[in-house]
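In the two complexes below, subunit A is the common chain; its partner is subunit B in one and subunit C in the other.
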Partner chain A sequence: MEEELESGVVKKFLYINRRAPHGTVYAHEALEVVLIGAAFEQDVSLAFIDDGVFQLKKDQDTSEINTKNFSKIFSALEMYDVEKLYVEKESLESRGLTEDDLSVDVKVIDSSEMKKLITDSEVIFNF
Partner chain B sequence: MLHTVNKSPFEKNSLETCLRLIDESSSILLIEDGVYGALKNTSVSDSVINAQKTTKIYVLGPDLKARGLDKSSLISNIEIIDYKGFVNLTIENEKIQNWL
Partner chain C sequence: MLFGILVNEGPYQHQASDSAYLFAKAAIEEGHKIFRVFFYHDGVNNGTRLATPPQDDRHIPNRWSELAKEHEIDLVLCVAAAQRRGMVDPDEMKRNKKDADNIAEKFRISGLGQLIEAGVQAERLITFGD
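Right after this comes the complex of A and B.
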């Protein structure tokens, strides 16, 4: 891994997010790892499936539960050249959400496209 | 009896089991990731609406707000309460069952 990074090899990294924010630490920790991958100039994509789609819900305000509002980091990902965010259509629909409910620009794709995204990725992290 | 549910209904079956096993004199309070169970137009909203025929359902406001949700996202007649309201429910109900 270290040698590859030093030699400038770029791999397709996919971070799969399937957990809701705030109730557990998974979503927040995933973002930290995403930023590490981006720092090594890898080809980073993020996928939001199942309850992971709730991470992108706009207007999150954690002031009354005394936790960090990490949802704001999503709008800063562009600065780290992380621009490929994919949301599974079926996951949004079963949760009563639409693309308009989301805080950042994403590409909404269906299950078959998600399947292809996963298949085409070289390194996959699951949260 | 007061029943609290703190898990997402899309990830665990805590809410589903709660709805199946509570008696008619019970109330339900949705907290933490459990608040997603109060959303309208979802794969579980019909069963929540059905439960409202016999059961009063509350949702904790601060947990809703943290998740970017408000009254407009919810099934009608679910009451949003604050921490003080949570305390009052625990006082009003002799027993509390937490569906983890």
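Right after this comes the complex of A and C.
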């Protein structure tokens, strides 16, 4: 597997997910980075904005589009010690979604709090 | 400053690889260092040695190879993304029993850990893509 870092450096990593889960591969491959990255013992947060909030939608079924239903992996993130998931309130609302539509526990924050989260992060992946 | 670079889009289709290349070149000229260039998503297609663009167009994969040769830059294609898209080096060729490899000079294929490492080690990680 991957070699682990021995530098002992811990940085604030933020993965920003802003695209719909299906239709392009970005969301799926972003999750692969999160899973591998979890082994590096960094301070990891995930943010969901814009159409990215659909990635966490409950009861996804991809059987008719022949793609992998990777949305199930979000509920396993806890086992990887990835526990800080932030969803932007405005993105949810403008898409007619509420927290009850989501498959995992998240913290809903508004856009000014999201801005602060981004500003406070050191390494940002934008998928 | 020590930079890490992430390229998320393929060559020619999208400006990302051009911008990343020009950024890397400019950074080096200004005395900065590049820790690694990591290619992800369709960005792995930048590492093919089989591209034949028209003569009056830039040769994007060769341009990366030459920059790497000149300045010892680490060019890494993500293995998972590369496998999906048919980017193959000699080791992958053997491992996955393919009849050819297609990786350009100075590129190598490795895991996503190399991207995380670039995030940790570099002072800035710059993403090029949409």
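Convention: the second predicted complex is superposed on the first by the 122 of 127 C-alpha atoms of A that agree within 3 Å, B and C clash if a C-alpha of one lies under 4 Å from a C-alpha of the other, contacts with A are read in each partner's own complex, and residues count from 1 in each chain.
Please note the rule applied: contacts are C-beta pairs under 8 Å (C-beta built on N, C-alpha and C of every residue); 3 or more make two chains touch, one makes a residue touch a chain.
For clarity, every value in this text was computed on a predicted model and none was experimentally measured.
*Asks:* Does the superposition put A:Ala76 against subunit B (first), subunit C (second), both, or neither?
*Replies:* A:Ala76 sits against neither subunit B nor subunit C.
*Asks:* I'd like to know which partner A:Phe40 touches here: subunit B for first, subunit C for second, both or neither.
*Replies:* Second partner only.
*Asks:* State whether A:Asn126 touches subunit B only (first), subunit C only (second), both chains, or neither.
*Replies:* Second partner only, subunit C.
*Asks:* Identify the partner contact of A:Gly96: answer first if only subunit B is touched, second if only subunit C is, both if each is, neither if none is.
*Replies:* Only subunit B; A:Gly96 stays clear of subunit C.
*Asks:* Taking the two structures together, which residues of subunit A meet both subunit B and subunit C?
*Replies:* None.
*Asks:* So in the complex, the part of subunit B that touches subunit A is made up of which residues?
*Replies:* By the definition above, subunit B touches subunit A via 6-8, 10-11, 32-33, 36, 39-43, 45, 61-63, 65-70, 73.
*Asks:* Under the definition above, what is the set of subunit A residues touching subunit B in their complex?
*Replies:* Answer in residue numbers: 19-24, 50-51, 54, 57-65, 67, 69, 71, 94-96, 101, 103.
*Asks:* Can you list the subunit A residues touching subunit C in their complex?
*Replies:* So the residues of subunit A touching subunit C come out as 1-5, 7, 9, 11, 13, 25-26, 29, 32-33, 36-37, 39-40, 42, 123-126.
*Asks:* In the complex formed with subunit A, which residues of subunit C make contact?
*Replies:* So the residues of subunit C in touch with subunit A come to 6, 40-41, 80-81, 111-113, 115-117, 119-121, 125, 127, 129.
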